[in-house]
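Several structures are given next for inspection.
Note that chain A is present in both complexes that follow, paired respectively with chain B and with chain C.
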Partner chain A sequence: MKLKLSASRKTRHTEMVCGVGWIGTESILSAADDHLFLLTNTATNESQQILSMQESFYPTSLHIFPRAQNKGGQNDVFAVSTSDGKVNILSRSGKMEKIVDAHNGAALCARWNSDGTGLLTCGEDGFVKMWSRSGMLRSVLAQFATAVYCVAWDSTSSNVLYCNADQCYIKSLKMQVAPLKWKAHDGIILCCDWNPTAALIVTGGEDLKFKVWDGFGQILFNSSVHDYPITSVSWNTDGSLFAVGSHNILRLCDKSGWSHSLEKMNSGSVMSMAWSPDGTQLAVGTAAGLVYHAHIVDKRLTYEEFEIVQTQKTVIEVRDVSSEVSKETLETKERISRISILYKYLIVVTSSQIYVYSSKNWNTPTMIEYSEKTVNIIVQCEKVFLVSDGLTITVFTYEGRKLINLNPPGQVMALLDERKIDLANDTLVVRDRADNKILHFFDPTTGKPQGDGNLKHDYDIVELTVNQCGPLNDRSVAFRDHIGAVYIAMVKTFGVSQRMVKIGSLVEQLVFNDVTNMLCGISEGKVAVWPLPNVAFLDRNLLQKSLIQKSVGSVGKFPQLANFAGNTIVIRKSDGCLVPTGILPFYGTLITMASQSKWDQAIRLCRSIGNDTLWATLAGLAVIHKNMIAMEISYAALEDDEKVSLINEIKDKSDKEIRQAMQVVLTGKLGDADVMLERNGHGFRSLMLNIQMFKWKRALELATMNKQWLEIVMGYRERYLKNCGQKETDPQFLKHQAEVEIDWVHIRELIAAERTKGNY
Partner chain B sequence: MSTAADEQQLAKSGLYVDDFNRLRLIDPGNFFFKNRLKKKFPEVAELLQNAQDKSAEFNDQLKNFQTTTGGLIDSIEEFANVVETEKIRAMMVRNTQERDLAEDDPVLLQMTIRELTVEKERLRVELEAVRKIEKEQEECIQMMTEH
Partner chain C sequence: MSFRELRNFCEMTRTLRYPRLMSIENFRNPNFQLVAELLEWIVKKFEPDASLDAQMIQTEADRVNFIKNAVLLMLQNSRIKMNPKKLYQADGHAVQELLPALKILYMAKSEDPNMDSGPKWTQVKQKLSTKMQEVRITRQLSSQLPETGALLSELISKPEFISNQHERAASRAIPLGDAERTLQTTVQGIGAEAEQLSNKLNNVASDEAELDEKIERKKREYEQLQKRFAKLQSFRPQYMDEYERYEERLQKLYEVYVLNFRNLSYLRKVHDDLAKSERQRQEELEKAMRLAVEKMRLEQEKKDAIGLTEDDTDAPLVDRRQSVRKVYGNMMGGADSSESEDDGDDDIIRMEEVNNIKKEMEDDDEGVDNDYMVGITVTHADDTKDDLSSGDDF
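Up next is the complex of A and B:
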């Protein structure tokens, strides 16, 4: 991935360009020290002067009023801070809407928040001030002895970041607490920006470095030393990339800090930068007065045997690596903003259309008109795909039919990112935009709530993914909360008591496999794969035993799991390396065999490999599919004697209800089994089960309820206490102690009598 | 100056034009007239003859001068063209040199080297990972064929 630069040289600024911004996705507005505002059309690369200000007008920064909904942008207003301490709110037609005397000395930076309800400014006088949309002073956030060069809002507009000298400060607007403060650089901090979708901050300073921080001021990336100070930084609109400008160079970096490319220019320091609303184009204002227009090219995707490279603005090359000759060139009418490939379908989004190419036929794409909104997110599953601008979601079929248009619940302006939305054929999962603890499930074909509709967790959910295979009853969503615990939850829980179960902790970047329901994540330099995450609802031991862990060496602080297709996992390390790693292919094969009921083959496979994880996977599959024979063999291979004897016991039973209850016992849900037995009139069996499991209170309850077997309960209780070397203290048992006389011969007789009656 | 055709027309009507463009009743080129003139004013005739010769000579010289200067102008023009092309070529050379110089800027070169080293390292790690997969898969095949 790299940036391709072009500049209009016919009409240009004669002085330093201090502010740039986008009006729509095709024009760049720039303000410079020559008192002019130019509007550059990026398609034709021609500039025209739209405003000329008085001689004393020296801009220091420009920020366009954010309007995610409005694509045409005819009535745009923008804030310009100037060297005389004023902040000007201008409309595009040149009408001065408001002039505010904001600072003594120069006003250095002015930023709108994401919904445009607030404006943040800073200046040479060391003040950081917040203003309303109409330019009324709301509050003074900070005051320093020296100049504050940069300010930024966070993605939800509830925190602000400002930098003074070499320190960074984060102040919460919601809570009255002292700002979080840390030393970020060894020199004055000149520029900062906050990721629009996540708690990530990038700063650049006079110590010739740029750094990436998380929302708590912990460092995530520290760049190498450059030759000149870093003069500007800017996140793109979906928060996956940021650009860094210094003297004569422009860098394109991934959100984890490593750089995609380095562009050399010859026009002095980069004074200002702005990304276009679709996040693929960058406007760059330089000290020499040139306004560069950069767009991303050489975007590269791989899927199975296909390698897809966007070579030019409107051209994509598709190579099939399995055959040397096969190479396709796809051309679109307009500029390409986003591409995605999965399940043999390539989605290409341009300014006003979506092209859907099938890998079977590259020549005739399905075309969908889609010009209302920009596209920041594409999520594909086997039958449908969704596009989103981070605020609303639209679902299409691959044939090009629009299914639904959905506004995710929650009224906050913060944008969704790819880790907060996921899609399966029958379920669309999205995190609530206001309350981070809630997940919502929708049917992607109708837009109605799917399964249980939503799920409420105790902590904030930071990432989620949904499995792709099997019917709706198998559909489960895996998510990680902000304290690092990983859960799996059923989408549809009709008749199931347990809905959500914790499967691990400190595992990040959860991704489900594309062809089976295997789940994969990264934990501390290891790849963790759960071949059967759903088994967590049935047998937790098996979940742990079937966990595949594979070391991949050091992956750095910020690894990303790029994809998990087939048996290959691709990890993007913190330094940008794409590291593929494989798991044994047998797990996938085993799952497929089980779903086709080829148990003999599956058992044979396990026997020839003889690997405990594989046996555990088979056991899990057998439990899920309720295959007693495979279950017995695999539990035996795992040397789980108790389970084997229990299975043998189940096999002997002829009564269906008892068998069912015993199977429930097998999955460790004793309570359920107990209730089941009792309800079906197997009171004695239930009693004995509780005695065996030392659930004395429940046993006593059953005995008193049935008004018999009290002697048995008391006898076993006494023996248990004796073996433990303890005395009876429970008042309930003390009360009944006097009622019975413990005679072991009688107890055995009683049990034998029940057994002959077939009750035990 | 009248042309020969005009003079013939005039001669028909008995009129002539002399060397000074004055109208005459007698043909000035008439032999008898000349002789008579010579006899009558021998000095004048001689002077006239002399002047006639001189002017012819001057005319020749002038023509000569014209061809010489014409040649000179042509060659100078040719030279100018050569100079022009050379100038453009020199400018081109200078520009490329300036650009080369900019590219040879050690700072920029160092930067490019650094970027490429990082990229190379990335690709090396990737290659290593792919080789590892290959090895694992070979082991796997081995295992399956043994059984």
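Up next is the complex of A and C:
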């Protein structure tokens, strides 16, 4: 991936360009020290002067009013800070909406928040001020002795970042707490930006470095030393990339910090940068007065045997690596903003259309008109795909039919990113935009709530993923909350009490396998794979035993999980290298065998491999599919003696209800089994179960309810207490103690009688 | 001083590649050293031979002198007036003074690659190149001049010789008879050649017919052979059925063989593992035993050394040792190991008997597992009987 630069040289600024911004996706507005505002059309690369200000007007920064709030788009409003300490709110037609005297000395930076309700400014006088949309002073957030060069809003507009000298500060607007403060650079910090979708911050300073931080001020990436100070940084709109500008240099970096490309220009320092709303074009204002228009090319995707490269603005090359000759060149009418390939379909989004290519036939794409919104996210599953601009979601089939248009619940204007939406054939999962603790489930074909509709967790949910295989009843969502615990939750539950289970902690970047329901995550230097995450609902021990952990050496500090297809896990190291690693292929094979009921083969496979995790996987599969034989063999291999004996007991039973109840006992849900037995009239069995499990109170309750067997309960209770060396203190038992006389011979007879009746 | 000036100043120093990086905050506080260095650098850009040294600013007089010199040099070289007082302040005001000079340098640098001066430059270049062309052509012509003169004189001397030759050729006579004869022979030769060619042409048709016939024949032959081939192909020898039968049987037998072979090798592996573990256990046991014996012996010796009564003669001690050794021998004895090996063999034999078909083998395994589990449950139950009241009775 790299940037391709072009600049209009015919009409240009003669002085330093201090502010750039996008109006729509096709034109760049720029403000410079020559008092002019130019509008550059990126398609024709021609500029025209739209505004000329008075001689004393020296802009220092420019920020366009967030477009999503601005219906029609004709009346674009932008804020310009100037060197005389004023902040101007201008409209594109040149109408001065408001001028405020914001700062003493120069005003250095002005930023709108994501929904346009607030404006943040900072100045040479060391003040950081917040203004309303109409330019009324709301509050003074901070005051320093020296200049504040840059400010930024976070994605939800609830925190504010500002930098003074070599320190960074994060101030929360919601809570009255002292701002978080840390020393970020060795020199003055000149620029900062906050990721529009996540809690990531990038700063650049006069110590010639740029650094990436998380929302708590912990360093994630520290760049090497450049030749000149970093003068400008900017995140793109989906938060996956950021651009860094220095003297004569423009760098494109991944969000984890490593560089995609480095462009050299000859036009002085990069003074300002802005990404287009679709996040694929960059406007760059330089000290020599040139406004560069850069767009991303050489975007590269691989899927199975296909390699897809966007070579030009409108051209995509598809190579089939399995045959040397087949190479397709796909051309679109307009600029390509986003591409995605999965499940044999290539989706190409241009500025007004969506092309859906089938990998069987590259010549005739399905075309969908889609020009009302930009596309920042594409999520594909086997039968449908969705596109989103981070605010609304539209679902299409691969035939090009539009299914639904969905506004995710929640009113905050924070953008969604790819880790907060996921799609399966029958379920669309999206995190609530206002309340980070809630997940919503929808049916992608009708837009109605799917399964139980939503799910509420106790903590903020950071990322989520949904499994792709199996019917709706198997559909489950794996998610991670902000304290690092990983949970799995069912989408659809019919009277099952347990809906959500914790399966691990300190694991990030959850990804489901594409062909089976294996779940993969990454933790400190290790890859964790759960072959059967669903077994968590049935047997926790099996989940732990079947967990595959593989340590992957030298992946650096913050590796990312790129994909998990088949048996291959691809990890992106913190320096950008892709590292493929594999897990044993037997887990996938085993799952397929089980789904085809080839238990014999499965058992044979486990025998020949003789691996405990494999046995545990088989046990899990057997439990899910309720195959007693396989269950018995695999539990035996795992040396779970008590389970094996219980299974043997179950095998003896002929009554279906009892078998069912015993199977529930096997999964460790004693309460459920107890209720089942009692409801079906197996009172005595239920009683004995409770005695075996030392649930004396419940046993006593059953005995008194049925008005018999009291003696048995009391007898065993007494023996139990005697063996424990304790005395009866429970008032309920004391009360009944007088009623019965414990005679072991009689008790044995009673039990034998029940046994002959077939009740036990 | 304003933010913009400071910023532009820094930017210009970067573009002009000033040897050190300027911070935007450098001039918030007076910094005479920096201003002096900048001033020296700027002056030397205009006048490389200037005798100015930014190191010589220790005393106040030196500093004043330095500023005066620098301002004078700038005025002389580039008609830029600077305010020495402001320069001496060495803060933002000094920047204001330095900026015009720096701007001249900056503009020069930034305009260089631009197209504003382009057309003029190309014009001059063009003119120059045309002049150069002219000079080259003139030089060439001058060198050609003597050569042409020499050639000319040579040619002038030639006509006399040529006219002589011409006359001689014209005076020569040709004999008529000879000429006629040669012509006749050539005419005859050509006639014969023509005849031959026409003959050949006539024969072409017959050749063609012959070849056609040949082709026809070959074709017929080919068809016949084809038919025969088809016949032969359709013919099926008697032994074929039998052969196929045998083939099928062989296939089946081979499958059985493979299965057996696999089972055998698996079992052999199991057997080997068992034997190995047994051996290991044996060795450990032996080692432990040897240690124990050694210890006992040492103790005994110690006891001897410390002083058993004279009554204890050597003989009983030897006896005791022997007895110890006997025990040792027994413990390590092969009986135990042979038993276990026998067990293993038994198992294997049993397995082999049963194991002809995979399914059966599995059943067997299950059986073994079950037995094992049953054993465990029994002991487990006993335990519970011992310590807790619940369990085994029901």
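The criterion applied here is as follows: the second predicted complex is superposed on the first by the 753 of 760 C-alpha atoms of A that agree within 3 Å, B and C clash if a C-alpha of one lies under 4 Å from a C-alpha of the other, contacts with A are read in each partner's own complex, and residues count from 1 in each chain.
Keep in mind that, in the parts below, a contact is a pair of C-beta atoms (placed from the backbone, for glycine too) under 8 Å apart; a residue touches a chain by one contact, two chains touch by 3 or more.
Please read all numbers here as calculations on a predicted model, not as lab measurements.
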Pick one for A:V579: touches chain B only (first), chain C only (second), both, or neither.
-> first
Please work out whether A:T568 is in contact with chain B alone, chain C alone, both, or neither, and reply first, second, both or neither.
-> first
First (chain B), second (chain C), both or neither: which does A:P409 touch?
-> neither
After lining up the shared chain so the two structures overlap, which partner does A:N266 touch, if you call chain B first and chain C second: first, second, both or neither?
-> both
Check the contacts made with chain A and report whether chain B or chain C touches more of its residues.
-> C
Overlap of the chain B and chain C footprints on chain A, residue-wise?
-> 266
Note: in the complex, chain A contacts chain B through residues 224, 227, 248-249, 258-259, 261-262, 264, 266, 552, 568, 573, 575-582, 584-585, 608-609
In the complex, the residues of chain A that touch chain C are 9, 16, 33, 58, 60, 83, 105-106, 108, 124, 146-147, 149, 187-188, 190, 206, 208, 228-229, 247, 266, 268-269, 287-288, 600, 603-604, 607, 629, 632-633, 636, 641-642, 644-645, 648, 688, 691-692, 694, 715-716, 718-720, 722-723, 748, 751, 755, 760
For the complex, which residues does chain B have touching chain A?
-> 102, 107-108, 111-112, 114-115, 118, 121-122, 125-126, 129-130, 132-133, 136-137, 140, 143-144, 147
Report the residues of chain C in contact with chain A in the complex, numbered from low to high.
-> 2-4, 7-8, 11, 14-15, 21, 23-25, 28, 110, 113, 115, 358-359, 362, 365-366, 369-370, 372-373, 376-377, 380, 387-391, 393-394
